[in-house]
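Structures follow.
Okay, so chain A shows up in both of these, paired with chain B first and chain C after.
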Partner chain A sequence: MAVKTGRGFAAIEYPTGMNQNGDPSQAWIKVKPDGRIDVFAGTSDIGNGSKTIQSQIVAETIGVPYEWITYDNSNTDSSPVCTGTFASRATFVAGKAVEKAAENVRQKILEIAGKELEIDPSDLEIIDGEVIAKGAPQKKISVPDVAAAATWGYGELITGTGAQLKPYATIVEPETGKVDLPPHSAISYASCAAEVEVDDETGTVTVTRLWQCYDVGKAINPTLVEGQIEGGAVQGLGLGILENCYPYYPSVEHRGGQFGAYLVPGMVDLPQIDTLIIENPSSDGPYGAKGIGEMANNAQPPAIATAVFDAVGVWVTELPITPERVLRALQEKAAGGGAPKRDGKTVIFDSNLSVNTVGTGIAFGAAA
Partner chain B sequence: MKAVGARVPRYDGIAHATGRTVFVDDVRIPGTLWVKAFRSPVHNAMMTNLDTSKAEAMKGVHVITSESVPLLEYGHLSALGIPADEPLLAKDEVRYLGQPIAVVAAPSEEAAMAAVAAITADFEEQPALFDVRKAFDADAPVIHDKGNWYTHFEDEMDRRQIRKGNIEEAFDRADLIVQGVYRPAAIEHAPIETQVCQVVPEANGRLTIYSCTQALYFSMGVVAAHLQLPLNKLKVVGGTVGGGFGGKVDTATETMCALLAQKSGKPVKWRWTREEEFLCSSTRAPWHMEVADAVTKDGWILGRKMLTLHDAGAYSRFSPYGLTKHSFHHTGAYSIPNLEFNGYVVYTNRTPTTAMRGFGVTSVSFATETHMSRIALELGIDPFELRLKNANRIGDTSPNQIPYTDPSTVPTILAIADAVGHDLTPEYAGMTPAPRSGDLLPEHLVGQLGNPEAH
Partner chain C sequence: MNLTVNGVDTTIESGPLTSLLDVLREELGITSAKAGCEQGGCGACTVLVNGASRRSCLTPVASIDGAAVTTVEGLGSPEHMSPVQQAFTHHYAAQCGFCTSGMMMAAQAYIEGGGSDDHEAIQEALGGHVCRCTGYVKIIDAVAAVARGESFDLSVTAAGTAMTNIGGMA
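Let's turn to the complex of A and B:
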């Protein structure tokens, strides 16, 4: 009896925005008389950091400090439509809507600054809250002064709206799944390697290390995207070795009705996580960003399952990989069972789990 | 200072960390009534003699049932043409343990619990179905009027299909066929903030709905549809969620609270207990997936057959969407030119399942990547090189025949190989996602190429 180590690897992809699209987000922005910026968007922040990300996008696009942004997603009276915070769309889709709104505000600020400076707006740029003549930086006016001029001088409200909607992709051939338009926006990619220790006496799997690489398009906020990736890794670890609503699935008996009876990963379960970020910009996300929020828990379970096989030589393909499942597989193997069925060029794993064994109304097979 | 790319602090970080963020449960409205539900005590039954009269006779208690709802059935995806199949409150039958049947509002939590205890109904239990693999059996209990699986994909097909290339030829030509079964579990979203909602009937006739929804406008649309109200009668207040992970797209409490606020004329609040959150809220779906890959001895994947049974639980909710997304991504990060995918949304008498982080794809990533590892071992090929060889590249086409424009499969794999110190041969170590040519464009991949410029 021993603790054995193993490694496994997985590579995945995940689309950004709702599958088949058709999911709008909208935003509007107004400028206060002192140049501070109020952003109204309907994107719920579920902990993913969208208030921060969208504020950064607005600050960058207009050309003012992040601290000048007030972000309001608090209600449906003041905020326009956002389809919602899911489908990895809060940065990619809703972030694009605020970018468009901010660009319209920027143009309005340049117009009024142009009147004040008597310079064509196309010859002006906004840097750090100041509107500056390109190539003649001594000619400038601050955004607060522009906002004051708009309010008290020109009688105008500086405002801008933006909306993002990619048209719905229709399945034109239900037989084949062929679609008329791309059903996905920027696809994100990730790879993950897992290292585990498996105690072949107790069946306990411990994930000791995870190496992860994500193509995020553009890290709008590296701290937050690292948080998404590491938080997702922990959720993926839960999927892989701990969590299960129905411990005797498909039976519904013995569901855990409290945290004491349903195991989510705790700090004690955390492995060392090494996170690598690649920035291969998307063509249609804000500043090239993609959405990686959801895929962040997808790569660990297969990497862990493979690492367990590498450690002790048994495949557990029903999740989670609990000590009971590991021990049962080891026992079966010790008794000479558990090997795949081999027939000519066909290798069939897990036939005990298959519809071919358990059901009578549906079949699946390599030769079917 | 550049704002994009900067590690600026979280907009709401200090408020979260010091407990000053106002979540729905922190909203305090004087005179609020507490809400509790009378739920199904069984998994599958015909229900008769629902009697709420004793509860309604209690002081200050208000009760709603299926008869109180202007539009009883409104599907989560009605807007996408996916028919509604779930009543807001159970009417004549219950299909899962914990399904809400009647909901009460009362002056205190204790009074609400007493009112629920006073509600009665008769349940004639029916055989329940829990195993998706047995849903198709001739002797399986039929748990929905229209059968045990969803039948409304395009052209009223009863399954989601993907077909590409010539699958039989791929399997004939294969040196090896590897087949396996993959079954990830149902997962609870386990947010710290349980489902919670406060609805205030305003003097001007509007309803203010304090909601923990992940989707303000989506949930407003759901409430408006059930109540048959224009959107100007509703104001959803939220946007700050104490953990969602997909489970708070469900609009689990808002509609019922809105109805009780209308009926009582008083503010109402429903905060699910931790036990309700675990046992009655929707979960990530359990999936049953079978994969058979036709491969060559030098590691090309010629074709994939796949059968997916998506355990939706008792009602459709977002499952048809999730299965479709699943099917569109069942080749993972690779180019597999010949495909035969069949997927079913199968009903069982368990809590309805819903979206959760990675919806539809978490399952298929587990299945197909574990399967790739098995193939590598069967062939005796380096698992990184097997993946790099088949990795999707610019101009390869997706299962829906859409060209990939800029895939990063190759760079992310190379980055991890480097990080773990895994040596690759120069041929693989120098690989890029550039369009296929030479040894990387074998005859079986020629016909699947598309023009990425077209998109």
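Let's turn to the complex of A and C:
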């Protein structure tokens, strides 16, 4: 009886946006007389940081400081439609809508600046809040001065709208399932390696390290991306060893009566987490971004299950990997059984392909 | 009954067994303390009572008659944030924000109690607070930074990089 260490990994792919498309997001932007920018969009920020990220996209696309942006998503009367913050789509779909709206605003600013400077708009660019003639930087006008000229001189409101929608895909060949439109083209890839300690006397699994590697297309705000990945890691840890989607064992009368009966990871369960962000741009997302929402907690449970096998040589094929399930698997193995199985399905596993990576001198990830 | 709430002497009209949480939220309109589990299990309702962190949901207001109560509103304002508030901002230690008030009050009590930047000590001190979004990493980093007495430049992230990673924008 001992505490044994093991490592395992899992790799996933994850689609962004709705599987069959048809999920619009829209944005409307106006420039106030002092050059400050109001963005109206319906995307709710549920903690994923979409207000920050979409403001960054607007600031970057127009060419003004981030501090000039006010992002209003406070109500659905004044803001255009956004189908919502789900399916990892807030940056990928709604972010593209604000990028398109911001590009239209940029063009209007250039047009009016062109009149003021008597230069063709195509020879102008906007850098850090100033419209500057390409190749002749002494010829310039600030965006606030352009906005004032539009308001008081030309009688115009500088405004722009943008919408992002891939129309519904319809199945055209029922036999093959072929559809007439491809889905949103942003498949993200990710992997997680887990290190665990398993007590083969009590069955307790402790996750000691998680290495997280995520392709996000473009990390528009790297710290926020890191926050999504770290949060997903701990959610995945919970799904792997603590949280039970059917917590009424052995029957519904035994369901937990209190908050604490549902085991969510606490601060003391936190393993060491190492995060690596990979940028493999998408063609549809703003600045090449993909989604990093729902995928962030997918890879940890299988990685932990593999690490448990590496540690004690049994496959626990139901989540969460509770002490009871570990002990039952060990018992079954000791009795000569222990073939991986799950409710009528047999999982084929070749133990020769598994590499014991801890304590054998074999580098992590290397083949035996 | 009387309480000093964020430095203001306040007469309480609610009944004696009303929870401090309900007094704050319903009678006084101070909504930073969150009603999470209301069983003392999640930490979202934590406030300081005479400087000590307390679950306001489990505290009958009569039991603290005359006490000084501090909520997040009493730590600082958006223009003049306290060190704990600055650290949480700098380290992006909040996502949905529901646990954040309680986390910051527990952090405040930990810092006032002379807590160190040792991660295990912070995990122990804030261990009763549940967060579903952040994975705790950035919260612990923020509290450790305050314990070390760091000052915070809120125009850059804790990683020392500019906020954005697109184009040439600073």
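We take it that the second predicted complex is superposed on the first by the 325 of 368 C-alpha atoms of A that agree within 3 Å, B and C clash if a C-alpha of one lies under 4 Å from a C-alpha of the other, contacts with A are read in each partner's own complex, and residues count from 1 in each chain.
Everything that follows uses one rule, which is that contacts are C-beta pairs under 8 Å (C-beta built on N, C-alpha and C of every residue); 3 or more make two chains touch, one makes a residue touch a chain.
Please read all numbers here as calculations on a predicted model, not as lab measurements.
Engineer: Answer with first, second, both or neither: which of chain B and chain C does A:D34 touch in the superposed model?
Structural biologist: neither
Engineer: Once chain A of both complexes is superposed, is A:G232 in touch with chain B (first), chain C (second), both, or neither?
Structural biologist: Once the two structures are laid over each other on A, A:G232 reaches both partners.
Engineer: Just to be sure I read the superposition right, which of the two partners does A:D120 touch: chain B = first, chain C = second, or both, or neither?
Structural biologist: After superposing on A, A:D120 lies clear of both chain B and chain C.
Engineer: With the two structures laid over each other on chain A, which partner does A:M267 touch: chain B (first), chain C (second), both, or neither?
Structural biologist: In the superposed model, A:M267 contacts chain C only, not chain B.
Engineer: Once chain A of both complexes is superposed, is A:F259 in touch with chain B (first), chain C (second), both, or neither?
Structural biologist: Both chain B and chain C are touched by A:F259.
Engineer: I'd like to know which partner A:T83 touches here: chain B for first, chain C for second, both or neither.
Structural biologist: In the superposed model, A:T83 contacts chain B only, not chain C.
Engineer: Per the overlay, which chain contacts more chain A residues, chain B or chain C?
Structural biologist: Counting contacted residues of chain A, the larger count belongs to B.
Engineer: May I ask you to decide whether A:E201 touches chain B, chain C, both, or neither, giving the answer as first, second, both or neither?
Structural biologist: Neither partner.
Engineer: Between chain B and chain C, whom does A:I57 touch in the aligned arrangement: first, second, both, or neither?
Structural biologist: Both partners.
Engineer: Which residues form the common part of the chain A surface touched by chain B and by chain C?
Structural biologist: The overlap between the chain B and chain C interfaces on chain A comprises residues 46-47, 49, 52, 56-57, 59-60, 65-66, 128, 218-224, 232, 235, 258-259, 264, 287.
Engineer: For chain A, which residues count as touching chain C in their complex?
Structural biologist: For this pair, the touching residues of chain A are 46-49, 52, 56-57, 59-60, 65-66, 128, 218-224, 226-227, 230-235, 258-260, 264, 266-268, 270, 273, 287.
Engineer: Would you tell me which residues of chain C are touching chain A in their complex?
Structural biologist: Interface residues on the chain C side: 36-37, 39, 41-42, 92, 94-97, 122-124, 126-140, 157-159, 161, 163-167, 169.
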